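So, here's a batch of structures to check.
Two complexes follow with subunit A in common, the first pairing it with subunit B and the second with subunit C.
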Partner chain A sequence: MSDFLLQTVFNASYAASYMALIAVGLVLIFGVMGVINFAHGELYMAGAYAVVFFYAGLGLPFLAAVALGLVFVGCLGMLMELVLFRPLRTNPLGGLIASIGFLLMLQTIAVLGFGLRNQNVPPVSQGRITIGGAFLTYERLYVIVATVVLLTALWLFLRRSKFGWALRACAQDREAAALQGISINQTARYAMFIGAGLAGVAGAMTAPLVAPSPFMGHTVIVTAFIIIIVGGIGSLEGAVVAAILYAFVHTFVTTFYDGVIANIVGLLLMLAVLVVKPHGLFGVRERA
Partner chain B sequence: MPEKNTIGAAGLFGILILAAVLLAVPHLVSFSQQELLVFLTINVLLVVSYRLLTLTGEWSLAHVVMMGVGSYGSALYAKNFGFPVPIAMLAGAATAGLIAALLSFPLFRMKGFYFLIGSFAAGEVIRLIWKRFTDPFGGPKGIKRIPGFPEVDLGFIQIDFYQPENYYYLVLAVVLVSLWVLYRIERSRLGLTFHAIHWQDKLSESVGIDTFRHRMLAFVIASFFAGLAGALYAHYLSTVNPNQFDVDTMVYVLIWTIVGGTTRWYGPILGVIALTIIDEVILRAIGADQIRPLLYGAILIAAILFLPNGLESLVIKAKDALRRREGVAVEKVAVRKGAG
Partner chain C sequence: MLLDVRDVHVHYHKVAALKGVSLQVPSGGIVTIIGANGAGKSTTLRSISGLVRPSSGEIHFEGERIDHLPAEQIVARGIAHVPEGRRVFPDLSVEENLRIGAFLRSDKAQIERDIERIFQRFPRLKERRTQWARTLSGGEQQMVAIGRALMSGPKLLLLDEPSMGLSPVMVQEISRIVADIVETGVPVVLVEQNAGLALRLASYAYVLEIGSVAVEGPAAELKTNDHVRRAYLGA
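Take a look at the complex of A and B:
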């Protein structure tokens, strides 16, 4: 039984890791630009396809493919900022619709380029850690390690660097930040690069484990929305805590009951949090 | 807002033309397009009821699930309890209203984006319950063999509602009556209160408006009509399943509404008709089925970038231009009279 529990903890940690990467990116984009990026799941998909192309297709080393995935998806993000979100800055619902349009285009491009079927990515490593009866494959371990490293780096960057201060200032109050001489366009561009890049890394790192398909972003975006809501929309820490909470609840209920019940429990958990705290666990009340 | 109650000669003429088009259109299109026409008319009711909900300033992602409550409710009442179909439809719609009233209590604690996702979660829970519990909801396969709308036999004329063209007239009648009711609600004191809550919720509260109860009322009314749309849908298709009411469908409702525009009652109608024709008629005619979503996405982006206030802004601009020209004409006449 304890092996079984440990195994479930391993599975939950893996799920929490990549979901945290995706959710933190989404929060960053929302924080700086005030727009709900519906295409975030497709940025994750694009990251996975970068690995399909560079690693499975061209035979580059896995880490190089992941790095290329980060840059590629980050650039996609900057493109979105430039073409869609900048002109629609005063129109959040418009930004939402534009991102839906963009996600349809990304999905179609993936279908045209790689076909409808699931892609097969050769395993990066066959190794595994065994503790008692429970085991954690190296592939999953890499995802967990990458998440911890990237999120720590992001945290230090936002807290310590001058640019990080500027980014957080924009998230708090755009006009006031602009008055201090912070370029909103530049900040938004970098925030979009980082946010999209994190989703790209999540997709790239999990590509060997999930068999990428053009529509893989769909379930991910729904979960990511739940997570950022439970954490409180503007809060990076909240997103991480909520990702861990959600992944553990979901994985445990899936293991002991079934997936549909787990989805129901996850959604009810979220509703319960919102009924008690209408602005999420770490959210601040919006100014009236 | 001064209300105009009289219809001028031009308005009357326009209404006659519109009526002629609505009555004639099923005879001008192919059989599959007749089916499309039935769904389009149902979708018009769906988006217009959605707009009523957004009047209070809250955007819900549960509207399609509310439509599903109407479908499932009506199907079960007709199939398992033996209600006559028209009564089952109304009962299904009322069930959707009732569920909306219950959901109001947790949901209207939230606002803005929290409400958006909160309503999605509530809707998704309902949808997953349909999917998980085979009795009585039929699980992932849903409910099949739902009784159709009964044949009308007036002796000299028999109307079989399995024909899409006949069902279209039935749907058209129900939808037109519903639209009229929704229009009157918006123009009533109640509708003005919804607007007030949207723009000044604290001020509304300070003059004694119970904002919670009005938000709840808007949600219940919108869900009732969404449920009615769902009932019309279920008895036409004769099968419902949980996937018909998933978030993808909801995203389309959101797209139609926002691309159409929401400040006027006709905005969402323009959105749903224009986008359905573009997607199902024009893009289908081009034939490149694989790149259809790509083109559709590009059209969405273009629409939102170049018409940020929706298709309705075109109509508003055209109306203003027309009025200005009339005004100029009147002025000119006045000047000429003054000169002479």
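Take a look at the complex of A and C:
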């Protein structure tokens, strides 16, 4: 039984990791630009397809394919900022609707380029860590390590660097930030690159584990929305905590009952948090 | 003239907020803009710092036209704006708030000296340097907002209602600080609803009424102007 528990903890840690990457990116984009990026799940998908193309297709090393995935999806994010979100900045719903359109375009491009079928990505490593009867494959471990490294780097960037402060300042009060000489356009571009890039890495790192399909973004975006609502919209720390909370609850319920019940419990968790703390676990105020 | 605002009109959608405001700021001393709520005082400052774009008219700073520039380039030219309501960054520490005021500067050593100078001027902020700005009192937040603006090394400081919502003691403190800043050679444009305070501090004053300048003149003269006394000084 304890092996079974440990195994579930491993599984949940893996799920928490890639969901945290996705949710943190979504929060960062919302914080800095005030836009709910519905295409975030498709940015995750694009990251997975970068690995399909560069690693499974061209035979580049896996890490190189992941790095290319980060840059490629980050650039997709900057493109979205430039052509969608910037012209629609004064329109509160415009960015959201434009991102839905972009989501459909990305799906269509994936279908046209790679077909409807799930992609087969060759395993990166067959290795695993075994503790008692429980095991953690290296592939999953890499996802956990990548998440810890990237989120730590992001945290340091936001706390220690001038541009990190600018990003936080912008998220807190865009107009006051402009008065300090911070360019809103430049900050939004950075936020989109980082936010999209994190989703891209999540997709790239998990590609060998999930058999990518053009529609894989759907499942993660719903979960990501639940996570950022539970964490408190606009709070990066909240997104990480909520990702861990959600992944553990979801994985445990899936393991001990079943997946449908787990989805219901996940939504109930969100409702319960909102009843007790309407702004989410770490949400302190409404955005101005 | 350091700053020259010429016949500026501003519209919010179709509604006119400024209907031809002209004012001049010399390179020393305090110029104040007084007036009732909604007279266009804040809008005047916002058009100078580039937060709103005039629909017509011109704004010149140091002889160059700036009314087409985005806000971040206007800061770069040397105009710092302390907005109405202070607008400190609530989830940045006091020190981060101050340092972000120096966002456009790269002279690291001088930035450190300026931070120390600001902590000398506002010892309370030094005690609270690692606290989040949201935890500060209104007066302390006003100090952060003023300190943040000074960190840009401005040639002109725009202050929007620095006394708003503060206790009488704190209002005195803030007026002392403003006088201090002017002493160091940075001219100030002071927007105030507290006309008595503003006219005491300033050397020249403009009275805005529904979007245009109703009266202007040396502050000492306006203090004795019948209209100003009746409408703004409660005499």
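In this text, the second predicted complex is superposed on the first by the 286 of 288 C-alpha atoms of A that agree within 3 Å, B and C clash if a C-alpha of one lies under 4 Å from a C-alpha of the other, contacts with A are read in each partner's own complex, and residues count from 1 in each chain.
Everything below uses one rule, namely that contacts are C-beta pairs under 8 Å (C-beta built on N, C-alpha and C of every residue); 3 or more make two chains touch, one makes a residue touch a chain.
Everything quoted here is computed from the prediction, not taken from an experiment.
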* Considering only touches as defined above, state whether A:98 meets subunit B (first), subunit C (second), both or neither. => first
* To do: Answer with first, second, both or neither: which of subunit B and subunit C does A:263 touch in the superposed model?
  => first
* To do: For A:145, decide between first (touching subunit B), second (touching subunit C), both and neither.
  => neither
* Asked: Does the superposition put A:182 against subunit B (first), subunit C (second), both, or neither?
  -> second
* Can A:166 be said to touch subunit B (first), subunit C (second), both, or neither? -> second
* Residue ranges of subunit C in contact with subunit A within the complex -> 49-51, 70-72, 75-76, 80-81, 83, 87-92, 96, 99-101, 103-104, 134, 148, 152
* Asked: In their complex, what parts of subunit A are in touch with subunit B?
  -> 36, 38, 83-84, 87-88, 91, 93-94, 96-98, 100-105, 107-109, 111-112, 222, 225-226, 229, 233, 260-261, 263-264, 267-268, 270-271, 274-275, 278-280, 286, 288
* Structure fact -> The residues of subunit B that touch subunit A in their complex are 59, 106, 109-114, 116-118, 120-122, 124-125, 128-129, 131-132, 202, 247, 251, 254-255, 258-259, 290-294, 296-301, 304-305, 308
* Structure fact -> Touching subunit C in the complex, subunit A uses residues 162, 165-166, 168-169, 172-173, 175-184, 284-285
